[in-house]
Amino acid sequence: MGSKIKEVDLGVSIGSLRLKNPVMTASGTFGYAREFEPYVNLHRLGAVVVKGISLEPRAGNPPPRIVETSCGMLNAIGLENVGVNRFISEKMEYLQVVNVPVVVNILGDTLEEYREIAERLADVKGVAAIEVNISCPNVKKGGVAFGTVPAMAAAVTAAVKQKSTVPVIVKLSPNVTDITLIARAVEDAGADSVSLINTLIGMAIDHRTRKPRLANVIGGLSGPAIKPVALRMVYQVAQAVSIPVIGIGGIETVEDVLEFMLAGATAIQIGTANFINPRASEEAVEGLAKYVAEQKLGSIREIIGAVVIP
Amino acid sequence: MGSKIKEVDLGVSIGSLRLKNPVMTASGTFGYAREFEPYVNLHRLGAVVVKGISLEPRAGNPPPRIVETSCGMLNAIGLENVGVNRFISEKMEYLQVVNVPVVVNILGDTLEEYREIAERLADVKGVAAIEVNISCPNVKKGGVAFGTVPAMAAAVTAAVKQKSTVPVIVKLSPNVTDITLIARAVEDAGADSVSLINTLIGMAIDHRTRKPRLANVIGGLSGPAIKPVALRMVYQVAQAVSIPVIGIGGIETVEDVLEFMLAGATAIQIGTANFINPRASEEAVEGLAKYVAEQKLGSIREIIGAVVIP
Amino acid sequence: MSQFQKKTQITRLERLGSDIIRITLDSPEISKIATPGQFVMVRTGKGKDPLLRRPFSISQVSNGRYFQILFKVVGRGTALLAHCREGEYLSVLGPLGSGFQIDYTTINCLVGGGMGIAPLLFLGKWMSRKCPDNLPLVVIGARTEGELEPLVKDFQEIGLSVYPATDDGSLGHHGFVIDVLKNLNLDAGSKTYVCGPYPMMLAVHLFCKEKGFSCQVSMETSMACGMGACLGCIVPVERGGYAHSCFDGPVFDAEELLWEVK
Amino acid sequence: MSQFQKKTQITRLERLGSDIIRITLDSPEISKIATPGQFVMVRTGKGKDPLLRRPFSISQVSNGRYFQILFKVVGRGTALLAHCREGEYLSVLGPLGSGFQIDYTTINCLVGGGMGIAPLLFLGKWMSRKCPDNLPLVVIGARTEGELEPLVKDFQEIGLSVYPATDDGSLGHHGFVIDVLKNLNLDAGSKTYVCGPYPMMLAVHLFCKEKGFSCQVSMETSMACGMGACLGCIVPVERGGYAHSCFDGPVFDAEELLWEVK
């Protein structure tokens, strides 16, 4: 398998970042990558996206934090993380040694927090790109998520771009009427790429206890259940912007990867599937190599946006 | 079973309409009800909602119109229907005999069409309520769905209210940033009730042919996959409006019904589940009767909105 | 309308080839009223994935109590069914759709390809019982001998003459069923009853049109409900618009359909 | 870290009671390195529903090759597992988590309730093999004799003294394990190794605290990954914040946890 992968061209570019293949792991589903060492040859992946990092460490929400739903799961982790300083001092060293491009997912409650994190990450060795999670509530604007208002999404993008020394990917929320408006706003504000989708907001109730199944009442829906929505949004956004689109949502197998790339994604991220099959990401890389070889493609790039609309 | 159902109080009210129980069938998933005669004692249901009716008959979209997804399905039927006149002359007679309240789901491309259909349905015997599908594109406003803009949703509501002689239920689209804004707008415009959710917009691609799996490219996602999103929206809307809320989305069993009622739904509709288990609706009625008896409730109304938020 | 939703017990599960399975189900309700060309909708798993039922033609009925389905493993639903055990129960909806219109007074020819042969077994048996003096001819094809041979035998056991064809020539004619059909030189007024892949049914239809034979075809479409509720199962018709394969069909007069010559 | 994702073959499936199942799996990789208190994550079905793996304690290891899980059918995942056949393969991830810290120099007492007994079997066997001169006492409880008796036998077979309790009094003490534990009058410096329902573990913890016994508990939480990736499996800890049951645990020193007295 290893030799086959080298023979075919799986390379894609996200802004100035060149990836050896389009397969990334989604934030919050791959820990800080080390957790997957027993299962995955990390250096074979296009990139890993680490758990969302905030300025200060966060303890996250009380339990229960996760609940299974039909072909999906709800999570309300509450963005538990070690904070940007400990991330740099404790987690980056391992990732530098592994030699896989690291995309750092960042989040904040204010523009200043986003800017500050980007500044601290500037010039940290091994950080290949920043992914900006704009699904967080803007505490200054009464908690409306940055990602639901084009102007606010643009402001976060501009703030991060100002400080970042690496490509900036803006991760879009699907909980909006027209995701192309947000995508265009962040493109205009300088984003090098957009990734989508983050989770759909959902809820579950235990009818016996009459309580919500998540302590946080609502949570984010992920997994195969959301794939059709994600694919539709990727298709729409790919037509609306000219920066590269990274597809996320319910991807489990190489067939799913192909669907997202045909819809217009330059790269993809595997999320919830890592929990079920920790080798899902590496298997997707292997599957893509096999596909390119079998289909005798010059490069995987040939299928980006190649969906045939009759 | 039959006697048990009579013993307990399952009655709920939607505006001036009193239903013997909260279980309805969702538009487009129960035909014109007659199709279910071999499986269901129709008169036992709270109400049946018939396939969406337009002013003129519509042939609908070309095939393929449906595709299965993980725990869900996409449909792009394209609102095939016999038109309001043939509906009244051909379909209502049977429904009058069956003696089940009939909710007529209506749709149009312009305000005038909605108004006109409501007018033709006025005083038709057996029509218990009108459910207004506002997920349709407004052809005059460049195809933006009525249901995504509060003012447009309000305008449709007012137009139908003007002509309708029965309660008007407005069926909300989930493909919006804040569904409570739309819900409040239609409440202010005179809606007697809101029902939600309609389908999420999704897409599927066949990676072998590289073509979308639906001839219409995009379609509506329904089934268990969307239940967490539906439940969250019902919970939010129930807190935002004071008219009764009808919950829809992925409901299969009595447990699902209880979850939606706890979240704030006064009644519910069963959709996709009818395809898998044509007896789903009647079984839900039986299950509710059993629940009320076992829990020794005075009436099923006691659980409406009774979710316990810690 | 008589249709049932039943928990039916699997009384037998046979592997006719590496990926061809025949399941016998115990359901007097369905078996007593089914006619050839009708189908059932089967739940394939216990969970919500796969979500929808799968349609299968009724391929045999016996003793007014048992009926069979015959299928090929092509995806997840059929793989789950192939994994079932005798004694287990399947949830079945049926019998559904409107089947073949049989004319007992003329030369009848059953034409089947691949799993399209399934409903023709029921049809052949039905014809030979109702009218033993006018047995139909059977022209059936498949990719290779392994897939076809057990089905050829089934027809022969009820006394019918079978003209087989295989893509690789391992059994009968080396080539397509349409060639075999042409070589039969059927009389004017003959009737064909066809089920199989679209291109094959199209070829048979065009041939019949040319010869003035009547031709009934059984159409496979994607179906969510099988009972007229979803409006998903459409086929374009000659007069414009669509017919619904689960209640107007699955069997149609080929002349009524709008064929797409790809 | 050594963890494996393996297709493991079911070499045996036993029904210990109407809804209690024991499955023996063939996996040298997992069996060789597992320690008592660790667990595995198992895929229960073939489809995407149920989506997530299910956690089960490793309840026995034998011949450096086989390991067992012991579980009760409580929902869809366990129902699917109970339906498996010998010879089939299960996808298993493990061994996961950090297990019990064993002190061989003191009086050890294993305390289990219901399916919490599962990891204690492995622990008891391990202790008796490593230190045959200092066998642990075993206090276990369940609802009724049917559920408990096979497990009592398992402990007795490895030579351990068992003090059983049942809710209905059908076997051993009529009541809770905590009462049995109290009646044992253990010496100061004793250690307890506990797994069972939350209220039972809380009662044992409070008792041990009073007596100055050390107490290790195995915590069950909902888990999506079992391997540190999802951060879903938290338990509140005394010093503030949370620990993660899949990698900091599932076994914790009871004193470190923040107990919720309901």
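Just so it is clear, A, B, C and D label the chains in written order, and each chain counts residues from 1 on its own.
Everything that follows uses one rule, which is that a residue touches a chain if its C-beta (ideal position, glycine included) is under 8 Å from a C-beta of that chain, and two chains touch if they have at least 3 such contacts.
Owing to the predicted nature of the structure, the values given are computational and were not obtained by experimental measurement.
Taking the mean of C-alpha positions as each chain's centre, the chain lying farthest from the centre of chain C is D. If you average the CA atoms of chain B and of chain D, the two centres end up 47 Å from each other.
A straight line joining the Cα centres of chain A and chain D is 36 Å long.
In chain B, the positions touching at least two other chains are 70-72, 223-224.
Multi-chain contact residues, meaning those touching two or more other chains, occur in chain D at positions 48-50.
Taken pairwise by the contact criterion, the protein chains are fully connected, each one touching every other. Chain D makes touch with chain A in their complex at residues 1-5, 43, 48-53, 93, 221-225, 227-232, 234-236, 240-242.
Interface of chain D with chain C (complex): residues 45-50, 76, 79-80. Across the complex, chain A meets chain D through its residues 28-31, 35-39, 51, 59-60, 62-68, 70-73, 75, 77, 80, 223-224, 252, 272, 274-279.
On chain A, the positions that touch chain C within their shared complex are 70-71, 224. Residue ranges of chain D in contact with chain B, taken from their complex: 48-49.
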